[in-house]
C-alpha cells in the first residue's frame, strides 16, 4: 500500500463514511460526523501533499485494474492543492456551521421546516465534500460525471435549506442548470467514447483527440461546465443561489463548488485536449474578461450584502478563465507563470470568499438583515468579523502580501512576457473595481459610531472561523512559494 | 427476416421520437406523464432490440416504473391543491411564461444545425477497432462473475457504482430536508382494507415480486439482473403494500429507515476499505473472494435501494400548507440561523 | 417460423401506436390511464414474442417486470384519490387526513 | 441502412428535442421531463453508436454506464420534483420568476433601487 | 419419424394460429379503445380483449417452447397480467364512478353492459 493509495482512500471515503454517520445516527452524533469528515480530509490531503512533493504524481488503481479497464485516481499537484484548500475551508466552515445551526444535538426531523433543513445540512455537506475530493482525484470521464451529479444534487439541496421563497426558487434554478450542464457533459463523454472507445483521461491524452466528433464533444462539455461554473453569459443563476443559501452554505458554494467544474474544464482543455484550439482559449478568455467587468459593476450596484459578495464571485471566476489564453502563448510551449498564477487565484479566492461570506453571515446574523444600510455601525460590535471581511476583500483585490496579490502578479507577468496588453488592462480594471466594492461595504460597516439597536451577539466560534480563513488568505501569500512548487508537480500536461 | 427486423426497429424508433416530441410539446400535464411512462416502456423495447436486456430491465423498473410513479404522485399533489374542476397553469400550461419566439426560433435553428452536424459526424465516424470489449471479455473470469455488465459494475468500475449509490443517498437527504406536509398515505396501520379485490391482488403480486427480486439479485452474476433491478422491484412491492395499508410508510423520522438508506453505501465502502490492507487498493478483492463479496454487496444494495425508492415515492411529494413561522422570516436577512435560534432570546 | 413471431411483434407495436391516440385525446385522466394499460399488456406480449424469437430467456424477466410495474403504477394512481373531475368529495379511496 | 444507426439517430434527435424543450418550456414539470428525456437520448447514442463499430461483440461498458445513468436520473428527478413542489407551495405558480434580481419582498429592491 | 414430424408441424400450425388470434384480439381492444364512446365502455373493451389476446399468445408460446421453466414463467406472467387487469379495471371504474364521471346510458352504440361494468364491485 503506497501513501497515495492510503491517503486518497482516506480523503475520499472519510467524508463519505462521515456522511453515513451524520445521516443515520442520532442528532447528537451530527457533530461527530463533521469532525470525522474534517479530520480525514485534512489528514488525507496533508498526506497526499507530502507524497506528491516526495515522489511526484502518483496513482491509485481502484479495484486493482488500472485504466482503461478500471478507474484510476490520478494524484498531481493541481489536484492536491485543490484538495488541501477544500479541506481547510471545509473544516473551518464545519466549525462555523456547528454553531450557526444552533445546538446540533437537538435537531430532530420532526421539527419545524427550518430545523429539519438544519438536520440535513451535515450529511449533504459531507456528501458534497466527498464529491469534490472525488473530482480532484479522478482520471476517468464517466467517473467525473457521477461525482458531478453528487455535487449538483447536494449543492442545490443545500441552497434550499434556507427556507425562504427566494432561496427555493434559486435552488430550483440552480438544480436545473446543474442537471442540464451535467447532461451536456455526459453527451461529450458519450461522443468521446464512441470515437475512441476509452474513458480514461490518460488514454485520451495519449491519443490526442482531434476531428469533428471530439470537437463537438469538447464544445458540449465546455458549455455544460461553464454553465455550472457560472461563466459570464451563464452566470444569472449564481447570485440568487449563493446569496440565498444559509451562510455556511454560501461559503461552500461560492468558495468550493464552482471550482469543481472549473477543475474539470482545466483538465479537459489542457490535460486531455492538449490546449484545444487557440481560438477556443481566446474565447474563454474573452468571456472571463466579460465576467470580470460585468460582475464587478453589478457587485458595485448591489444594496444587499450577500448579493454583493455573490456578484463578486462571478467577477473573480472570470480571472480563472483569463488564465486559459495566457497559458499557451505559442504551440508547444506553456507558461508556468500563467498556470501557477491562475490557480493561486483560484485557491486564494476560495479562502477569501469563504471568509467574506462567513463574516457577512455574522453581520446579518447580528442585525437580522442583509441590507447594506442595516449593517451600518456593525464594525464596532463585531470587530473580528469586520476584520475578516476587510482582509478577505483586500486579498481578493490583490493587495500585498495576500495570495491574491501573488496570483495576480504572476498572471500579469505572464501577460507582460507575451505582450497581451488587453488582458493586462482587464486585470487591472477588475482589481480597481474589486477595491471599490469592498470599500463600499467597509464604509457602511464603519458608518456610524454607535452600534445598531437590535443587535444579537454572535457565537465566538463563528467569528473565529471567518477570521482564521481571512488570515489564511493573507498568510498564503507569504508562503506562496511552497504552493507554486506543489502546483508545478505534474503541471497542465501530466501525461 | 432481417427486413422484418428492420421494420420492427423502424417502428420502435418512430414511436420513440413521436412520443418524445408529443410529450414535450403538449400542454396537458397528465397526458405528458402518461406518455412519459409509455415512452419508458417503448425505450425498454429499444434496449431489447439493441441486445441489452440488463438495461431493459432497469428501464422498465426505474425509468418507466419508479420515475413514472414519481410524476404521477406529484401530479396528484397538484390536483389536490387546485381543487375540483378548476383550470390552473399548474396542470394546463398555456405557454404564456415561455420565452419569446425569437429565442425559440434561434434555439430551434441552432439545435437543428447541431443535430445535422452530429448526425453527419457520427454516421461518418471512422470505424477503428475497439479493444476494450475484447479486454473485458478476456479478463472477465478474474472478476468472479459471468455477467459482463455485473463484472463492470461491481468489479472493474465498482467505484462508479459506489458513487452512484451516493447520488441516491444525496437525493434522499435532499428530499428529506424539504418540508413535507406529511399527508398520510393509504390507510392507517392494522386497519383492514375493505377492498377485497386489491387485497387479493396484493397477496398474489407481492410474493411474486419478492421472489423475482431475490431471483434477479441471485442471477445477476451470471445473467441479466442485479441489485438495481431487484431493488426497484422490491420497491414496487413495498409501494403496493403501503398503498394497500399493510405496511406503514417509511419516513425520515425513523432511525432504522435512515440506517437502511445509508447502510448499503456504508457496507460497500467498508468492504472496499477492508480489502485495502490485503491487496493495497480500494475495492481490490483478494483472490477467490470476489464472488462472495460481490454477492454480499449486491444483497445489501438491493435492500438499501428498495428502501430509498419506496421512501422517495411515498414520502416526497407533498405540497405543504403555508407555514406562518416560515413566512415571517425576513427573506432579505440571514434567515436560517436566526430562525433556528429564534426561540432562545428574541 | 420466427418470421411469424417478429411479424406479430411488429403488428402489436403498430397497434400500440394507434392506441396512443387515446392518450392524446383523453378526455379524463382515467381514459389516458386505460390507454397506458394497453401499453403495458402489449409490451408484455411483444417481449414474450421477442424472447421466443431470439431465444433470449431473460426477456421473459423483463416481461414480468412490465406486468408487475403496470400493477404498481395503476394501483397507486387509483388509490391516491386522484379523480377530481366533477366536484366530488375526495373519494373513498383515500382516507388520509 | 443499419438498424443500429436508426437508434443512434433517434438518440441524437431526442437529445436535441429535449434540450430545446428544457430551455423553452417554462413549466417546471416539463423541464424535469425534458431533462429525463435528454438523458435517455444520450443513453441511446452511448449504446447504439459503439455497437455499430464492433457488431460481433457486445460492449458491456456502455451498458454499465447507461445503468448508472438511469439510477442517477431517478435520483435527480425525485429531488427536482420535491423542490419544484416547494416552489409551487411558496408561489402558487409552476414557473420560475424571470430575471435574477428578484427580491420583491423588500422595498427598494436591487437594480434600479441602487441608483 | 413421419408421425413425429406431423406432430411438430401440427403444433407449429396451432401455435401460429393462436398467436395470430391473440394479435386480432389486441386489435379489437385497440379499436374499442379508440371508437367506444366513454370511459366505461373503453375499460370494458380493452381489459377483456387484451387479456384474452395475451392469453392466446402465451398459449401459443407455451406450445412452441419445450422447456418447462419457461412454460411456468409464461403462465405466471399471464396470471399476473390477468389479475392486474381485472383489479385495475375494477379500481378505475369504481373510483371514476365515485368521482362523478357518469356512464352514458342512452340506447344505441354500446349501451349494454355499461352499467354493470361501472357498478360491479
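For reference, chains read A, B, C, D and E in written order, and residue numbers begin at 1 within each chain.
Here is the rule we go by: a contact is a pair of C-beta atoms (placed from the backbone, for glycine too) under 8 Å apart; a residue touches a chain by one contact, two chains touch by 3 or more.
Worth saying up front: this structure is predicted, and the values here are computed from it rather than measured.
Both chain A and chain C are touched by B. Taking chain B out of the picture, touching joins the other chains into A, D | C, E. Under the contact definition, chain C and chain D share the contacting chains B. Two chain pairs are in question, A-D and B-D; the one with more C-beta pairs in contact is B-D. When you average the Cα atoms of each chain and compare centres, the chain farthest from chain C turns out to be A.
Chain geometry summary: the mean Cα position of chain C and that of chain E are 12 Å apart. Inter-chain centre distance (chain A to chain B, centres taken as mean C-alpha positions): 29 Å. Averaging C-alpha coordinates per chain places the centre of chain B 30 Å away from that of chain E. Annotation: 59 Å between the Cα-based centres of chain A and chain E.
Those residues of chain C in touch with two or more other chains are numbered 16, 33, 35, 40, 64, 68, 71, 75, 79, 81-82, 84-88.
Within chain B, contacts with two or more other chains are made by residues 5, 49, 114, 118, 122, 125, 128, 130, 132, 136, 157, 160, 164, 167, 170-171, 174, 178-179, 198, 201, 205, 208, 320, 331-332.
Multi-chain contact residues of chain E (touching two or more other chains) are listed as 76, 80, 84, 87, 91. In this structure, the chains touch in the following pairs: A-B, A-D, B-C, B-D, B-E, C-E. On the side of chain C, the complex with chain B involves touching residues 2-3, 6-7, 9-10, 13-14, 16-17, 20, 23-24, 26, 29, 32-33, 35-36, 39-40, 43, 46-47, 50, 56, 58-59, 61-62, 64-66, 68-69, 71-73, 75-77, 79-82, 84-88, 90, 94-97.
Taken in their complex, chain C has these residues touching chain E: 1, 4-5, 8, 11-12, 15-16, 18-19, 21-22, 28, 30-31, 33-35, 37-38, 40-42, 44-45, 48-49, 52, 57, 60, 63-64, 67-68, 70-71, 74-75, 78-79, 81-88, 91-93. Contact residues on chain B toward chain D in their complex (touch as defined above): 5-6, 9-10, 13, 16-17, 20-21, 23-25, 29, 32-33, 36, 39, 43, 46-47, 49-52, 54-55, 58-59, 62-63, 66-67, 70-71, 74, 77-78, 81, 89-90, 93, 95, 97-99, 103-104, 107-108, 111-112, 114-115, 118-119, 122-123, 125, 127-130, 132-134, 136-137, 148-149, 151-153, 157, 160-161, 164, 167-168, 170-172, 174-175, 178-179, 226, 228, 309, 312, 316-320, 322, 331-332.
Every residue of chain D that touches chain B in the complex is listed here, in rising order: 1, 3-10, 12-14, 16-21, 23-27, 29-30, 33-34, 36-37, 40-41, 43-45, 47-54, 57-61, 63-64, 66-68, 70-79, 81-86, 88-89, 93-95, 103, 105-106. Across the complex, chain C is touched by residues 12, 16, 19-20, 22-23, 26-27, 29-30, 33-34, 39, 42-43, 46-47, 50-51, 53-54, 57-58, 61, 64-65, 70, 73-74, 76-77, 80-81, 84-85, 87-88, 91-92, 95-96, 98-101 of chain E.
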